[in-house]
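Report on one structure; see the data block that follows.
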Amino acid sequence: MTEQGTGKRPAVGVEPAAGPAVPVMLDGDAVRIADLRMGYPTANGRDALVALEKTSLAIHPGEFVAVVGPSGCGKSTLLSAISGLRRPLEGDVWVNGDQVRGIRHDVGFVFQQDALLPWRKAVDNVALGLRLRGASRKDAGAEARRWLKRVGLAGFEDVYPHQLSGGMRKRVAVAATLVYGPSVLLMDEPFSALDIQTRNIMENDLLDIWSAYGHQSVVFVTHDLEEAIGLSDRVVVLTTGPGRIAAEFDIDLPRPRNLIDLKATRGFEALYAEIWSVLRDEVLKASNLS
Amino acid sequence: MTTQTPTEHARTSAVSRTVPLRGGLLGAVGRRRLVVLAGRSLIFLGVLGGWQIASATDDSVRLALSDPQSVAGWIVSWLRGDEPSGIGALGHTLWAALVGGLLGVAAGIVLAVVITPLDKIRGLFTPLVTVLNAVPKIALAPLFVFLFGLGLTASVYYIAAAVVFIEYFGVSAGIRSVNPLLTQHVRLLGGGRWALAREVYLPTIVSWLFAGLRLCVTWAITSAVVIEYLGSTSGLGYVIASAQQISDVAAVIGGLIVVSAVAVVIDQVVVAVDRRALSWRDA
Amino acid sequence: MTRAARRVVALGVPLIPIVGLLALWQWASSTGRIDSLMFSRPTDIWREVLDMEEAGELWPNLRSTVQLLLVGWVLATVIGISLGVLIGRSRLAGEIISPFLTFLNAAPRLLLLPLLLIILGFGPAPKIVLVVSVVVVVVIFNVAAGTREIPEAVVNHARLLGARRRHLFLLVYLPAIALWIGSTARVTVGYAFNGIVAAELIGANSGLGFLLTQGQATFRADTIFASLFIMAVLAVALDQTLAQLERRATRWMPRPA
C-alpha cells in the first residue's frame, strides 16, 4: 500500500482490446470489481448510456482509496455498484468475499445530498441503523450518543437536522453510517457543499475517526484533488465518460496527516503535479465535449 | 446527454458512449407506452363494461344509474338540439361563468394591487377577508338568489364573489413574494417606479394570476351550474335540476358528463396557455 | 403603553374593520338606506341566533354538520392515502391513472349531488359520499406529490441502514405523507365543509345547510344570515384548530424566513 517514493501503478483496464484485465488480487480484498460496466437507460429506452466502462479495481482491507475524475466520469456510479443500489450492465462486484447481489448491509454510504430523516432528531437518526438490526431502543440510543460524541456533537442529540449547519449534518451522517460497524465505507463527495475551512476540519476529523474507530476500507469520491491526496492511501483517476481507470497513484505521505498543513508536507507538490497532469487531460477532454 | 458530432466521436475513445439494452422489439420505452395505454383502456372499458352489465342484469341499478346507451343517447340528442334547452343551456352557463369569473378576477387583482403595498391597511383587511373566505362558498348561493332573484345577475355576482378571493390571495402573496434583490437590481440599473412595476411586479403578478386561474375556472363553472341548479330557468344547472325532478337519470348523468367534459377541456386549455406564456418560470 | 394594553390593542385591531362593517350595516339597515327585510341587521341576526339556540335548533344541527364533515374527511383521507401512495411509489401506476385523475379533479364533484340523491335517497349517506368525492381527489394528488418529493438520498440512506419495505413505509413514507396531510388539512377540511353544506342544501332535514334553506323557504333574511354567521364561526374555529395542529406537527421543519 504505502511504498517508498511516488509509486505510479500501471493503468488498469484502459485498453479494452487487450482482453479482460483482471488485476492481481488477494483473497482478502475488501472490495473487488471486475470488468464492471454501468449504465443508465437513455430516453429512447433501447440503449443505455454507459457511465462506467470495463473497470477493474481492488480495495484492500483498511485501505483508504480516493476516486477522482472529471464530471460525468462515473465516480458516483461506482459507489452505487459497490453498495448494491444499482445493478451493473456487465461485470461483477465482490464485497468482503461475496458477490454483490442486492443492497449490502456491511457497507456504509455517506451521500452528497442530505440523507438524514428530517423528522427525526440527530440521536434517532444515528440510532436508526442499530434499531433496524434489532437493537433495543435503550442500547441503540446509548451507542448513538457515544457516536455523536465521537463526531464532536455532544449536546446536539435532541436537535433536528434542519437546525444543524451543513457540516454538523454531515457529522451526524457519518455517525449514523458507522454506528452499525460496516467494514466498507463509501463516501460520495460528502464535503463538497461545505466551505473550505469547514471542509479541512471535517477531513481531519474523518481521518481521526477512521483511524480510531474501525479503520474501515474506504472509497472516497471527490473532485478535489488536494482532498483526495490528503485523505487517501491511493488515488484512482477515472477518464471522462464512459469512465475507465486512467491511472492509479500510491500516496505515501506519512500518517497522521493534517489537511490544513497539507501543502507544506514534503512530497505533496510532486504527487499533486503528477496526478494533476493525468487528471487535467481528462478534465479538458470532458469540457471539450460539452 | 451530449450528442457527439462525427469528428468529436473519432477524437474521443474508441468505445461508443451508448450500448444497446437487452429490450426486445419495441425497447423499454415503447413497451412502457403500450402498458400505459393498455392500463388506461382496461380501466375505461372496465368501468363502462361493469356499468353496462350491472344495468342490464339488475333492474334497481338501471333505475338508479341508467345505462351507457341511454346516457349516450341523451348526450347525442342534446347536442343535436332535440332537448328543450339544447346547447343554449351550455352557452348560458359558460357565459355566466365567464362574466362572473372576469369580474371576480379583476376585482381580486385590483384589491390585491391596491391593498397589499399598504401594510397597515392590509393588516386591518386580512382578518375580515379570511373570515369571509372561510364561509363555505356554496352557502352563499342561496343568499345571492335571495338577494338578486333568479337569473343572470345572481349568477354573475355569486361567481364573482367565489372567485375574487382566489385571485386576491394569490396576487397578494405574489406581490409580497417579490425578491427584494430583483427590485434592488432594477433600481441600480436606473429604473424608476414605472420600470419597477413593468419589469418586476407585472411579471410576478401575471405569474401568480395564472397560478390561480385554473382554480378560478373550475370554481367559476361549478358555481355557475350550482346556482343555476338552485334557482334558475336556464343553463345546464337548470337542465340537471329539471331532469332530477322527473327522475330522468340518464339526463342527469348526461348533464354531469357534459359539464365535466367542458370543465376538463377548459382546464387543459388553461394549463397549456399557462405553460406557453410563462415558460420562463421554473416548472 | 403597558404590555397588557399592547396585547389588547394587538387583538383588537384586526376586529376594527369587522366591527366597522357591522356598524355600517346596522346603520344603513336601520335608517332605510338598504332594505332591512332583504339585508337584515346585525342586531336582528344576533337575535335570531339566540332564538335558534333557545328553540333547540342550533346545537343539534351544528353537531350533525360537524359529525358528517369529519366522517367524510377521515374516510376520504384514508382512501386518498392508499391510492396516493400507490401512485406516488409506482411511476407506471401514476401514468396510467393520471388522465382519469385530471378529469375527476376538474369535474365539479358537487354536481354529483342530484345523482347521489337519486341513488342513495335522503339521509346521511349521500352527504358523506359527496364529501368523500370532493376531498379524496385532492388528497390523492397531495399524497402522490408528497411521496414523489421525498429525496432519493433519504430513501437510499434508509435502505442502506437496513430498512426493508415495511420499514421504509413506516420510517420514510408515512411521516412524509402525514406532513402533506397535515399541511393541506386546512384546505381539504374547507372543501369538506363546502361539500357537507352543499349536501344539506338539498332535501336535508338537519345540518347548517338545512337551517339556511329554511330561512330561504320562509323568506327570512335574518335566518339566512344567522346560519351563515354560524357557518363562519365554525369555519374560523376549524381553521384555527388546524393551524395549531399543523404548527405542532411540523416543528421539525425549518420555518420559512
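A, B and C are the chain letters, set down in written order, and residue numbers restart from 1 in every chain.
One rule holds in what follows: a contact is a pair of C-beta atoms (placed from the backbone, for glycine too) under 8 Å apart; a residue touches a chain by one contact, two chains touch by 3 or more.
Note that the structure is a prediction, hence the values are computed from the model and not measured.
For subunit B, the chain whose average C-alpha position is most distant is A. Looking at which of B-C and A-C shares more C-beta pairs in contact, the answer is the pair B-C.
For this pair, subunit A with subunit C, the centres built from the Cα atoms lie 50 Å apart. Mean C-alpha position of subunit B lies 20 Å from that of subunit C. Each of the following residues of subunit B touches two or more other chains: 32.
Residue positions of subunit C with contacts to 2 or more other chains are absent. The set of subunit A residues that touch two or more partner chains is empty. Listed in rising order, the residues of subunit C touching subunit B in the complex are 13-18, 21, 38-39, 92, 95-97, 99-100, 102-103, 106-108, 110-112, 114-115, 117-119, 190, 193-194, 197-198, 201, 208-209, 212-213, 216, 219, 221, 224-225, 227-228, 231-232, 235-236, 239. Residue ranges on subunit C touching subunit A, taken from their complex, read 151, 153-154, 156-163, 167, 171-172, 175, 179, 251-254.
Residue ranges of subunit A in contact with subunit B, taken from their complex: 16-17, 39, 41-50, 53, 89, 239-242, 244, 285, 288-290. The touching residues of subunit B, when paired with subunit C in their complex, are 32, 35-36, 39-40, 43, 64-65, 123-128, 130-132, 134-143, 145-147, 218, 221-222, 225-226, 229-230, 240-241, 243-244, 247, 249, 252-253, 256, 259-260, 263-264, 267-268. Interface residues of subunit A, counted against subunit C in their complex, comprise 83, 85, 103-105, 107-109, 111-120, 128-129, 132-133, 160, 162, 173, 176-177, 180.
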